[in-house]
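In the two complexes that follow, chain A is the common piece, with chain B as its partner first and chain C second.
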Partner chain A sequence: MSVDIQLAPVIRFDPGEAAFGSARGGNLAATALRAGSLIAFAVILVVFSLTAPYFLSLGNIGNVLGQSAISGVLAIGLTIVLIAGGSNVVTGGIDLSLAANMGLSAAVYATAVQLGYGDATAVVAALVTGGLIGVVNAVAVVGAGIVPLLATLAVMNIVAGLELVLTQNTVIPAATPLLTAVSSSGPFGIPVLAYVLLAFALIAAAIVQYTPTGLRLYAVGEFPDAARAAGLAVRRLVAGAFIASGLCGGFAGILSVSNLSGSTTGSGEMLLPVVVTALLGSVFSRRLVPTVIGTLLSTLFVGFLVNGFQLLNISSVLVSGVQGLLILLVVSATTLLRK
Partner chain B sequence: MASLTSSTETPDLSRAVIGVIVNNALVLALVAVLAVFSVATPTFLTLANLQSILVNNFTLLAIVAIAMTFAVSVGGIDLSVGTAIDFASFAFVSLVLAGQPVAFAALAGLGAGAAVGAFNAVLISGIGISPFLATLGTLFIGRSIQQLLTSGGNPVYLPPSGVPEAFRFLGRGTIAGIPVPLIIAALIIVGATLILTRARFGRVALAIGIQPSVVRYSGIAVRAHVAVAFILAGLIAAVAGLILSATVTVYIPSSGNAFLLNAIGATFIGTTHSRLGRPNVPGTVLGVLLLSIVANGLLLTGLNFYWQQVGTGLLIFAVLALSFINRRKATA
Partner chain C sequence: MSAALTVKNTAADALHLENIVKHFDGAVALAGASLRVRRGTVHGLVGQNGAGKSTLIKLLAGLHQPDEGRIEIDGQTYGKLTPHQVEELGIHFIHQDRLLVPTFTVGETLFLGREPRIAGTPFLDRRLMQRRASEILNDYFGVRLPNSALISELSTAEKQIVQITRALLDQPKVLVFDEPTAALVRREADILFRLIRRLRDEGVTIVYISHYLNEIEELCDHVTVLRNGEDVATLALGETSAAAIARLMVARDIEEMFPKRSIAPGKDILTLNRLSSRGKYHDISVTLRRGEVLGLTGLLGSGAKDLIRTLFGLETATSGTIEIDGKPVRSVNPAQSVDRHLALVPEDRRANGVALDLSVTENITLSSLKRFTQLGFLDFRRERREADDLIGRLEIKAAGRDALVRTLSGGNQQKVAIAKWLSRHSEIYLLDEPTVGVDIGSKVEIYNLIGDLAARGAGIIVLSSDLPELIGITDRILVLFRGSIVREFVSPETSPDEVLAASTGSSEALRHVG
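Our next item is the complex of A and B:
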């Protein structure tokens, strides 16, 4: 019940009005919206499959999953921070360094390969890079008390700069047995990346949604004072969320090296789409809160949308516009339904 | 000034010194950066270079950061300042290319930027969407619209022969030896300072940013003030769009986003200049100065270009850390 009155805390802005609406109206709105967004998802799938025959083939679905793997892993990392950081996007949970983190981790992996190290060393190096960036974020947010939006913005700049220093703004090619294996096709002709995304999402969902630690993350994010009063290690949990997000960035970096056969520049372009995906994810959850599965669904939603547009030869120019409209429609519906 | 209050409780000299340092982190960082670059590079402290900092690094970012300051002052944020810049630039360049008078094209550009702000205002004040999400949506939609208008993202060039004198004057002209863009930026800085500190609107806006419910219970129309703040943000960002396109005589789709993160950085660095951590125009300007000087200074030191971004990031990080640690101590 205490969770219900905090309906959709991430997306509401109501300066000055009481933040506690009627719980019953909230539930109704939440149900309507959740059903609405799932129906919208289904309608889009049906329309695309009717107009583009290839759309619902196993091969194409696998492709969409594979192409969504990198942004999906990043969005799930961001979701963990959203959960632990709580309602306000500016002062609460946000990690702007994720995309840059992926870029640097990928560069570290590719550089390690270039220096003659094996896959094992390179994987560890990339994950340590991502994890360290998470630690810096955690120290800045929890230790120094810097607002996450600013702390991760500054870290993003530093990390993006380090990537440039390391790569001199060039493409670093990398080809190893592991990278080839990850970028190839697995069972049923579906890309291995697709399986990686699903496995990663399931493990993350198991940890975040079904363990005591995950539940505590929600408590810390939604009611930090109550969580502290209940004796939860608030600072340690928030720090852990940022470190987990950093590790996701490192993992996404490895996937990106494999997908692109090396490290390339321009990872920063991923940032805003990933933020939109993670924020949209809460629409696919029962109580309109950020969840791992919700984020996975929202990642696939965007992935299918882009893919369908491509199959129908609709200009990809429209994709970002549709993403923007979607987020506004969804959020407007939430807030209007509550009135 | 504010530093004295905290140092009176601790007679220990070293702690007092630390207090002074922490409370004026932004100003001291500026002084330190100026000193370091003056010693490190002979060309830094020359009139020509200081002027170059103001013209090339400071002007546009200052205007965009002021726009951001208005959005932040009501407790929001505007991720679509780049969209307002781009829309203004597109309208301005396209109309001049079509042979319209420069003044009319400029007005249309300002209107386009204000329209972006008004769209945000409807979403935020009308519907009640959080500013972060509303302006993020605007940013994405704006990107698509620009690509549709330019058949996939082609720049709109003004042929060198077809650039009207007034257009060129806005970007590269001087009045009494002072570059026109700098004069416009100065006027906006002074105007914004007056609005936020002297006008009733500004005081209400800042109050909304601190405690909206109190403002509402005082019988003040919170939503209307929030709406005006976002329209102002779009309008001011549009000015930067006009100057940008007049300087480079071309409109490049989605180029305005380049200012976004630095504008956010400068505005929030600026909040550390206020004892209560509130957005304020002088702080924002100091933040922009800091970013501009560091960008220029690092360039002059001949340091590898890519290390410059790392250096800038580290500096911002240090300033933020100092002031937030201090603020935590002040409230504890």
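Our next item is the complex of A and C:
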């Protein structure tokens, strides 16, 4: 700063100018990019529905929904952390422990069943496992002040290690009435998992998008100083987001046990697709922020992409390529908008 | 706060901050400042950059805690304030950096933290939020904003109005405005002033911080002047004038000495010929000689800072030439500048001047490592010798040469920043606000150091808004106003008032230019 005492305003009287005429509509390039990604989504779906005859059938749609249920629940959990932690991928909110969390929760469920406990106990055990992992993340991030990227990376390794100890790296089979019910078909021949995903997304959306707590989560993530100035309990909200995400991991674990009739190894491979899906979701919101419904749509888009490629007998290797391209579009759009 | 203590409140002062002391990383921000604001008045707070205004306000907001001193609100004393507590006490801030979430709508922004719910449900009543938001904005300001508009799509003035409105929803007892008109056009500022007067008449106490002294004169009942982290005067506006306030802001205690020595200037070392940068400065022609200390000053936006940055190669000029030691210099980037023996000591030393987490030795030799390298390895012994030598010569007070620079006081950090260039054998020193945040004792030592540099034949340009300092340590002063040199003063023959008048473009002062 140079000298900044001013005896008279320099150029401030401008009677001709309309006082409140700012440029509405925001950043043109960002808008174009966002429109571009949405059009790309639409084009891909239209091409599939024209070339693959079964693509738009109710059965196929139900299948895609069911197959997307587990990754969808995880991505929605991650979305909550993205909202409360801010959209900066490096310093903002992220929960890398989610996939490992699902693996351990599934193993806990299966082990509980093996030990002769009923469904109720097993459900509680899986959710408590997920919730505790969330608590550890919350303590590391909010209490110890570690960047979420590093904190949850460390927790991810611990959780994956615990899973190995518990399962001895084997598949633990589990079959119970609840698991059978969840993995069967529901009304209209659509998998129960599809209904579970939709119901879960609706509940999460109601909380995140339509309650004061949800609004506060956005304030905390977008602009912590503003949230603090508004008297919000910033630390508590961030901690809550990590715990919620942990519970989502536990819930996904239950779905996974049901889907695979037992716990299975290799849950960690789910992580990157889930991160990509959650990041992609912000393109479905006008404000280019993560939303639950946006994440649901992006989960389904990815599901349809894989499904479409399968129906057309195209290598699913291309899926990650298309995903990557869209991520680039979306991330550049959000970055531009924030300038 | 506790119920037992709620005696009937008869204190005449809404706020009373007493003898507040605050240090940041060794730099003195406040050295015993007091501020006493009477209930139901508009109280101005003025001071130059670094005088401590922002720090004082942040302490009041509970964002920082004072090292010493006490804060009294409504006659109650508080040792420690939290932002939440401050809000409960009815004190609200209109911050310079508008604390609004860019992706929120106006309604969401106004009601964040006290969101209305749809009766009988846990859900937000967005429609009510939007309707109330339009009503309130219309009532207070006669402003209509589209319901769907996001904060990021609003103009600066609109954002500010949203922020003020947010504070008003809380029925504040005290409203603190930090440079509220900096981004407003006159008409918007007039709306704001009317609103402030209306609020005062309704019994709200206003603290108003501004660099525009005419606004202080127009709006405030009282004004407190801060200087070097202390309050130097609190005046009633009826008894004073903008000019008198300006004098108080820059006046200097007698005890402060400027040890200026007379050095016979040598050969030209730096020559600028009609240097221009579009939109920043134009037709700057200056000659700096060895042994000369040249002062540079100007308001924010005068181009003085850009000129310094151009000389070091951080910005490029659009036309004109630079000569160093009589040789024209074409492309300039900072690395080349260093090779040409230019040295820049930037204003924000903690961010750009020194590496806080490196030791004194490492900082000193950072720019001249080539001198201490043999066969690709550092010669630590020679490094240490160099550091010890400079620590002694500059009287850098540190726990030792291995002490982290973070642990040094502001003044000693600045000496390290200068020592780095001495080690590089620099000959042209560009010093940007060299004594901001430095205590008085260290200031004098830095002045002495500048004198030493000049005596050894270096050419020095000092950019400073501390006018008595500038007059005290330089040979001549160039004043920039809107990108041009409007006046040149011979330092011993001028006064701070005269320089200040020239830098604010006061017509009376400019008449001398002819």
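One rule holds in what follows: the second predicted complex is superposed on the first by the 290 of 339 C-alpha atoms of A that agree within 3 Å, B and C clash if a C-alpha of one lies under 4 Å from a C-alpha of the other, contacts with A are read in each partner's own complex, and residues count from 1 in each chain.
Going forward, a residue touches a chain if its C-beta (ideal position, glycine included) is under 8 Å from a C-beta of that chain, and two chains touch if they have at least 3 such contacts.
Not measured: the values here are computed from a predicted model.
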Contacts of A:Arg216 with chain B and chain C, given as first, second, both or neither: second
Partner chain in contact with A:Ser332 - chain B first, chain C second, else both or neither: first
Touching partner for A:Ala120 - first (chain B), second (chain C), both, neither: neither
Partner chain in contact with A:Ala206 - chain B first, chain C second, else both or neither: second
Chain B/chain C common contact set on chain A: 10, 12-15, 17
Chain A-touching residues of chain B, taken from the complex the two chains share: 74-77, 123-124, 127-134, 136-145, 147-148, 152-153, 208, 212-217, 222-223, 226, 261, 264-265, 268, 304-314, 316-317, 320-321, 324-325, 327-328
Residues of chain A that touch chain B when the two form their complex: 10-17, 89-90, 140, 144-147, 149-151, 153-162, 164-165, 168-169, 272, 275-276, 279, 315, 317-325, 327-328, 331-332, 335-336
Chain A to chain C touching residues, read off their complex: 1-10, 12-15, 17, 19-26, 206, 210-212, 214-216, 218-219, 222-223, 225-232, 287-289, 337-338
Residues of chain C defined as touching chain A within the complex: 46, 48-49, 83-84, 87, 93, 95, 99-104, 108, 112-113, 115, 117, 122-124, 143, 145-146, 149-150, 152-155, 157-158, 181, 184-189, 191, 211-214, 242-243, 246, 249-250, 297-302, 304-305, 347, 433, 463, 465, 467, 482, 500-501, 503-506
